[in-house]
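Remarks on the structure that follows.
The first chain written gets the first letter, and so on, giving A, B, C, D, E and F; residue counts start at 1 in each chain.
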């Protein structure tokens, strides 16, 4: 039994990035905790967004969901953000941390990624997930086979459906994009569907 | 009216990588030529593979299809390969060249990419496409909106359907992967479906 | 007719980085807007610097020049800077945005680059220009042939002549360096003189 | 029980790069095979080098040691090398392949790395080890804790002691360097001693 | 006789990163100054840490030690930090500046690295040292042979012994890691023991 | 007094890349040797090209000029090329080697760069120069101030004037491009004119 902590800047970041892996952890009996630094009030009603976030957490069956209390679009990389993450790291003592990649055009995402790695400096495994605004130079090294949990991931991400398209207008359905991404990452790894991660830190237990 | 040359190592490489862009070029009245360096005899019957290749070329409506006469799995980066490509470059005088990225685990692909760039050193635009064995450090800079030609691309790639899965076992349908990839690249670019390219050389005509 | 927005941290940044491309846009009948985040008061008299900036804008024939009202040497990457740029993005609705590369030793430049990319997240084309303090790992992907507008660029950059050498002592004339750079970038691209850009986002309209 | 294949260009490459991990695999009951492409005749007596190689294999307790029959300093990246590796891959059907990184100043090493990745294209896990002539831009992503097998590694590498210093004159003892490296990689990973790998392909089994 | 300035975020950063090079500078009759931005109060008693810092400076025989007066864990990249460094740069007019690499998981280290490079923009030589929390993508270009000063470096770093292991638990002795690192960097450069640096700026005086 | 060896694939490669640095070495009393692997017969009369090459060598005042006897456009990376370079390395025992960067679209250049680094594996300083077909991802780390020898460099490169423009049509005068490049590299380094190099290996003698 391992303890897993996933950190995100806004409701839906974690689900888009690593819901498949988190659902696998739950299938394996691991403890899974979520820390969402803001409630995403800059792109929607704060109560609705919190409710969606709790609903997705329930679908994934996570053990607890924490909010960081930071202001949306104003997540900084520094002592304040690090302290919030460290407090949860100290509380749940995770074996594995999932955090957003720093290669992202959204300042909240890259600052969350930087601060999470600072806060997780004693943790043995840190995997950095990709998302809607990830830059093209994201180069994943580690893949997770999410064939068994792809349906759960789709269900969890659909909870936020109305939000996902905010930033990219009506050009593409985020849900379809997430499915396309999973198939592409699977293709790269010789799997059906996959999530892909950059390595923050990874100890391979031979 | 521009002249376009697409170079591939094997039948199906070009279609997977840039069939959507080539079909767009045809819609725009450009001349499109294909140069396939081998007939892919290492993973199939040479006559069937040539026939499939001609069929796909017909679907895309290209102006001519050339074969380079090299031996499958033995495409080298050097004078011989460069000469073959240069001969076609001299003959059709392309404005734009599409070639495989060198970031690929298949030796034929990376050698084709290197030699194409040597042969195309006087050409103003070289775009490097991704494919089934492209490495994870492929970082595209230029995207093409293939919404209008996505159906043609799917049709052209399905011609090779039996071949595509050779390398990756039965884990994923290549056709589905190509569709997933197009949606993901579209997502990155704020489009519905897209093809993505690394820049070999790109002059932006303001 | 396209709409173009160029963003810079200080008077003269835009001219050094992309005046040749902007002048081409004007030759082509595009609308061109400039947004300069500070008035560069840290290295000169604020009134003189504003006057020079307006003079250069007139030489380029731009449609409007906006100032962001930030304090020189204190441009941060975050909500405040993003908001200022977004306001102009919303007002002019640009097809193409030119912004400084983030690979720069000057904190104002890299923060302007980051914030501009956040603010421009819905824009289809973002080109990142190089400048006097750009780091050596700037790797341009897109080149613009500025042969027709090189004289205008030289004229526009000479407006700021007294400022340019502030940082590097008397070692080199900035005007000569800009000319050398244009010739070198031209050489790389097989052109006479060129400006070179990293791609923030680039949709190639086949 | 997993099957592991380690590929090297010369006797001692594998031991320097991943003897600690291989010894761990043996502790865990995995099958471990070695494929050494040449007998290293360019820097020593061929019989002595083969004998040392067999002695090190015995110390590690590997299940079989194969030689590729290629000529030292003339390992090419191409069909011939790929075929030799593929033959062993087909024979032992490995779950994990260890091969040299391509970022190496020694042509045999980089060609072995390229060809091994081509030959292993169906394998789910490929880890690329570092060695004596690895370039400075080797950036490991995965670490293995070799605290339990460090003594075995030291014993296995000492078998080749006379060879190791050939290339770098008398400046440093290779044995001490290997120990220093293990401590440094351990330090990076928060471990006592470690081996570090670039990821060729890595499926993380959550 | 040259003037050297080494900048660090906390007591012990400079010693771990470049004490060997600094001791060489003193052997050669150069002037050496240290600027430590904080007193490291976040991980120890401020008076003890200052005392250790002065003791290490005395072992290295530096000409003066300055403290920047910033708060530990809250070093920002921006005007305030740059001004503090610039003041010392103006005072001692260094030929060579040593500063921490920006590739670091500790926010103070990366911000010190960024600000030092901004402050040192007129200096001809800037070398960026590695440390305990440096990221794996640190790629050194320049090596210094510290064979003659390795003992002094060990003595200077041992002054901080109780601090060094704070962050990585009891997994590894920092002193041993520093020795391992020096041997590994030496091995890379064909030397006995070495310190390795990324180049911020380097003019090679032929 | 140091011994310097510059390696090039064709007549004019060395002059374009590092003639300024070589002339400085001669001013300082160093021994300078040139090794040109081919006589460039693919783009000109072999006798004229050899004569030009000897003329440029005389202008630089080098101590000896060796030809490698390889065939133009067919320089491979491998034992044969390495042996040719090693023979000269053994003969002159250089302290510093200048060789072409491997980031080049011309196969002869990149193969020369790879083989030179293999052949020079025991040499303490290897600097990799840029040239006419160098790729855009060349990132120099070390600069040489060629203010004192710029006129000599211009004179030496003009010897090959008729050749230089072969590859890039009439778009730009190579001589002007070399001057532009020197000014740009100077600008980057805070110098008047400079040559820039990637580091193959660099021991900084503090």
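Going forward, a contact is a pair of C-beta atoms (placed from the backbone, for glycine too) under 8 Å apart; a residue touches a chain by one contact, two chains touch by 3 or more.
These numbers come from a predicted model, not from an experiment.
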Check: Based on the averaged CA atom positions, which chain is farthest from chain C?
Finding: D
Next item on the list: Would you mind pulling out the distance in Å between where the CA atoms of chain C average out and where those of chain F do?
Entry: 34
Notebook entry, point to check: Among the residues of chain A, which ones contact at least 2 other chains?
Noted result: 122, 141, 168-169, 190-191
Note to self: Run through the chains and report each pair that touches.
What the structure shows: A-B, A-C, A-D, A-E, B-C, B-D, B-F, C-E, C-F, D-E, D-F, E-F
Check: Of all residues in chain D, which touch chain F in the complex?
Finding: 73-74, 76, 105-107, 133, 167-169
Next item on the list: Could you pull out which chain D residues touch chain E in their complex?
Entry: 132, 136-137, 139-141, 168-169, 171-172, 174, 176-177, 179-184, 186-188, 190-192, 196
Next item on the list: Within their complex, state which residues of chain B touch chain F.
Entry: 77-79, 82, 114-115, 117-118, 121-122
Margin query: Which residues of chain B touch chain C once you look at their complex with the stated criterion?
Written below: 21, 24-25, 28, 122, 124, 127, 141-145, 189-191, 197, 199, 201-206
